[in-house]
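Paired with chain B in one complex and with chain C in the other, chain A is shared by the two complexes that follow.
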Partner chain A sequence: MLELQDVTAGYERRVPVFRDVSLTVAPGEAVGLLGPSGCGKSTLARVGALLHRPDAGRVVIDGEAAAGWRHRAPRARRTAFGVVFQQPRLSADPRLRLTDLIAEPLRANGRGNEVTYNVRELAEKVGLGPELLGRRPHEVSDGQLQRACLARALVLRPRWLVCDEMTAMLDASTTAALVAVVEEYRAETGAGLLAVGHDRVLLQRWCDRTAEWSDLGASPGK
Partner chain B sequence: MTTSTFPGPSAPVLSVQGLSVRFRMRGGTFVRAVSDAHFELAAGECLALVGESGCGKSVLASALLGLLPGNAETAGSALLGDDIDLLRADERTLARTVRGRRIGLVPQSPAAHLTPVRTVRSQLEETVRELTDTPKPGIRKAAVAAAERAAFPDGHLDRYPHQLSGGLAQRAATALALIGDAPLLLADEPTTGLDRDLVERTVDELKRHTGETRALLMITHDLAAAERIADRIAVMYAGRIVEHADARAFFGEPGPRHPYARGLLDALPEREFTPIPGMPPELADLPAGCAFAPRCPTATSACAVLPPLDDGVACHHALEAQRA
Partner chain C sequence: MAETAPETAKTAPETAKTAPEAAKTAPVTWKPAGTVRRSTRAWRVRSSAVIVGLVVLAVLVVPPLVQLDEQAVDLAAKLQPPSLAHPFGTDDVGRDLLLRCVYGLRVSLLVGVVAAVVATVIGTAVGAAAAASGGWFDRVVMRLVDLFSSVPHLLLGIFIVAMFTPGVWPVVISVALTHWLSTARIVRSEVLSLRSRPYVDAAISGGASRWRVAVRHLLPGVLPQAGLAAVLMVPHAIFHESALSFLGLGLPTHQASLGTLVQAARGSLLAGDWWPTLFPGLFIIVPTLAIAGLAGAWRERLNPRRRSELML
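And then the complex of A and B:
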């Protein structure tokens, strides 16, 4: 169970983006979070993935309240989350070949010995061939790079997935392909999903339930 | 969508014939980004060029504006009105008479297109000064009017681009594109990253500005946006236009005829939500025959030969039953 309880968060002291938002994702559940641009839904997703420290409120993961955020979170906690962001160009190190990009989380966690097997298998799942794996981000299209970013998010086999506008830049076919990869992974592992976006049709098709930002009890920040 | 779907008797605003663009790479290889594109665009008409990222759509737009990098080689022609071939015109002509004046560009990422160190007002005023004959005292007023045309709120005129939301930056860029009153509007992915409401508002505004007297070429991967405003659809795959159809027939009955176009529509979440298997080919390494054949469910040995664009579709197995 991933519970966000009465979260208040923002980027400036005393000027939160939103106040008192609560959201729960049950184990194995896929929740789509819908809201207009700039409402703070991405910030909430970052709080849920322990990437942004809220000003107030609690994040409870499987019954245990999170105590630290970002590098202060225990390693086991951090690696329980796989995150895919909207803009693959901004979330991929331009110096790394795609194969190293996907392998980076393994290496960072001292599991470099598993790289060969895991990366090959995952790359195949997301549809990247060996030829593409040897390229750097500027040599591939947005869609191909986002496939690599999704593989990177899955390589540590997280229990929770957070997809923040994962497909906003992508064409219909690539969108459908990436969603299929996420769903296959979830069917295999029972991972929970928080998908953030503004495409209602997509999230309603993809997720078990969708939550409207306006129904989460948010009071305006300022 | 009451405008005529077929070019009227008047000369087309833009006539593209056999346009090809290739990039010379190190080692003498070529990346063929656009191959043999044909289309015409009449006043009052909106053509949506759709396809997945990396299929050559944006290169085509750059070619029309003379903004290709130095290693690009072009072939064919792109007649603007009846006097300028955009592919042959020199930089001076393009800069002084075409860009902004005869072709307005609504850019792909408006936030990156605006000058970051100057306010929206100052950029609007500069554009008004450069592109119109407004006398000096009237410039300030003309800039405000230009902002209003694109529904850009007055109160935000003195802001810098980084202080604008995505939707406002989009409107600022649209306002700039409309100042020159150009007969052709070129919108390159005008809706990337906007939410659904803003997408609809943006494309409706573009459509409204097109009116009866201008033509709109919208390049997009967003099929819903294309369906909303386009009169005609051109589907691009691996640098080629593989289907060119009336928008209503394409999205409704009888539907797309090229298997790629059909797959693209079926991938929409409101339809089957099934991806097209595989990935598009490398533009540096295109097959001799149909580029879609490796991913195509109906491919046969006939597909080793490049299918010509015949009756609006380039496929040996165009879904015959669908033909109206």
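And then the complex of A and C:
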């Protein structure tokens, strides 16, 4: 169970983007979060994935309240979340080849010996051929790069997936392919999903339930 | 389809390339604005590379090869204008100026390169530490940087040199300690901008430690900028060495450096002997512009949008 309780967060002291927002994702559940742009839904997703410290409120993961964010969160807690962002260009280190991009979380956790097998298999799953794996981000398309970013999010087999507008930059066929990969992974592992977006049709078809930003008890920050 | 994007991206440079060719064959008299500037830029980069190559060759190869004493005094041949025996002429005690210029360039370049490297290391460390820790530490360090920046470099440099006995190393220390400030600013802002990129978020979520994020993602992103700052600093450092020596505070007068040579030539210039001033002066200006030209080309590759900025 991932519970966000009365979260207030923002990027400036005393000027929160939103106040007192609550959202719950049950184990294995897929929740779509819909809202207008700029409302703070991405920020809420980052708070949930322990990447942004909220000004107030609690994040409770499986009954245990999170005490630290970013590097202050214990490694096992951070890696329980697989995160995919909206813009693949910004979420991939431009210097890493796609293989290293996907393998980076394994290496960061001292599991570099598993790289060869895991990366090849995952790349195939997300639809990246071996000839693409040796390329750097600027040598592949947005769609191909987002496939690699999804593989990177899955490589540690997280219990929660946070997809922050994952398909906003992509065309319909790539969107369908990536959603299928996420669903296959969830069917296999029972991972929960928080999908943020403003494509109502997509999220309603993809997720078990969708939450409307205005229904979350959100009051505007200012 | 998003997968077709590389193809369209590949065709873009080809269409750009056809523009100059079209200008060549077309009977119209005007030229596209980009073509002239592009060719002069290529020429500038090439000539800069040749000059820097010659300088490195002269500095590394000539002294061990010729084995002449650049301090050999020949009073019978003092203050001779340029000739075949002495292409740059001789100074007021008959020392060959070509030889002294080459040796002087060697000393000045050594000072310039070492000082630039030391200053860049200090600046990178301070800037990265300030950006990484943030909060009060960042604020205090950057205000100190502002404080030191408000004092003229040369004045601070003179102050530092005055604490030591004259020699090469006090000059290096003085130039290094006065030139890391701008690098610290550049590196700090670069780290701050890199740190907020989503790929750092992704790395944290993937379990990367602070150290791993810094070494694997932040430092490689900053190094090109820091390296460029170092190269741009070399000519600046040579200027400062020359200025300190010219003021009589840098190197002792018998040791040939570009600054001491110009300084020693002051008296003879008033008597109408132009060569002891002109040639060391050219040795300061030409390699300096060449290094700056190469650094400018590097900067254009790093950041094509800043093309219009000055080179120095």
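We take it that the second predicted complex is superposed on the first by the 222 of 222 C-alpha atoms of A that agree within 3 Å, B and C clash if a C-alpha of one lies under 4 Å from a C-alpha of the other, contacts with A are read in each partner's own complex, and residues count from 1 in each chain.
As a convention for this text, a contact is a pair of C-beta atoms (placed from the backbone, for glycine too) under 8 Å apart; a residue touches a chain by one contact, two chains touch by 3 or more.
The structure displayed is predicted, hence computed values, not measured ones.
Engineer: Go through the superposed model and pick first if A:Asn118 touches only chain B, second if only chain C, both, or neither.
Structural biologist: Neither: A:Asn118 stays clear of chain B and chain C.
Engineer: If we overlay the two complexes on their shared chain A, which of chain B and chain C does A:Asp142 touch? Say first, second, both or neither.
Structural biologist: both
Engineer: Now for A:Thr8: first (chain B), second (chain C), both, or neither, which partner does it touch?
Structural biologist: After superposing on A, A:Thr8 lies clear of both chain B and chain C.
Engineer: If you stack the two complexes on chain A, which partner ends up touching A:Asp93: first (chain B), second (chain C), both, or neither?
Structural biologist: The second partner, chain C, only.
Engineer: Under the stated touch criterion, which partner chain does A:Gly82 make contact with: chain B (first), chain C (second), both, or neither?
Structural biologist: second
Engineer: Thinking of the overlay built on chain A, is A:Pro36 touched by chain B (first), by chain C (second), by both, or by neither?
Structural biologist: It touches chain B, and chain C stays clear.
Engineer: Looking at the overlay, does A:Thr174 come into contact with chain B only (first), chain C only (second), both, or neither?
Structural biologist: A:Thr174 contacts both chain B and chain C.
Engineer: According to the contact criterion defined above, which of chain B and chain C contacts more residues of chain A?
Structural biologist: C
Engineer: Is A:Arg205 contacted by the first partner chain B, the second partner chain C, both or neither?
Structural biologist: So A:Arg205 only meets chain B here.
Engineer: Residue overlap on chain A between the chain B contact set and the chain C contact set?
Structural biologist: Common to the two interfaces on chain A: residues 141-144, 169-171, 173-174.
Engineer: Inside the complex, what are the residues of chain A that reach chain B?
Structural biologist: For this pair, the touching residues of chain A are 36-38, 86, 127, 141-144, 168-177, 179-180, 198-202, 204-206.
Engineer: Under the stated contact criterion, what part of chain A meets chain C in this complex?
Structural biologist: Against chain C, the touching part of chain A is residues 46, 49-51, 70-71, 75, 78-79, 81-83, 85, 87, 90-93, 95, 104-105, 108-109, 139-144, 149, 152-153, 155-156, 169-171, 173-174.
Engineer: Mind pulling up the chain B residues that touch chain A in the complex?
Structural biologist: Per the touch definition, chain B meets chain A at residues 51-54, 165-167, 192-198, 221, 223, 263-265, 267-270, 273-276, 278-279.
Engineer: Which residues of chain C touch chain A once you look at their complex with the stated criterion?
Structural biologist: The touching residues are 1-6, 197-199, 201-210, 212-213, 216-217, 220-221.
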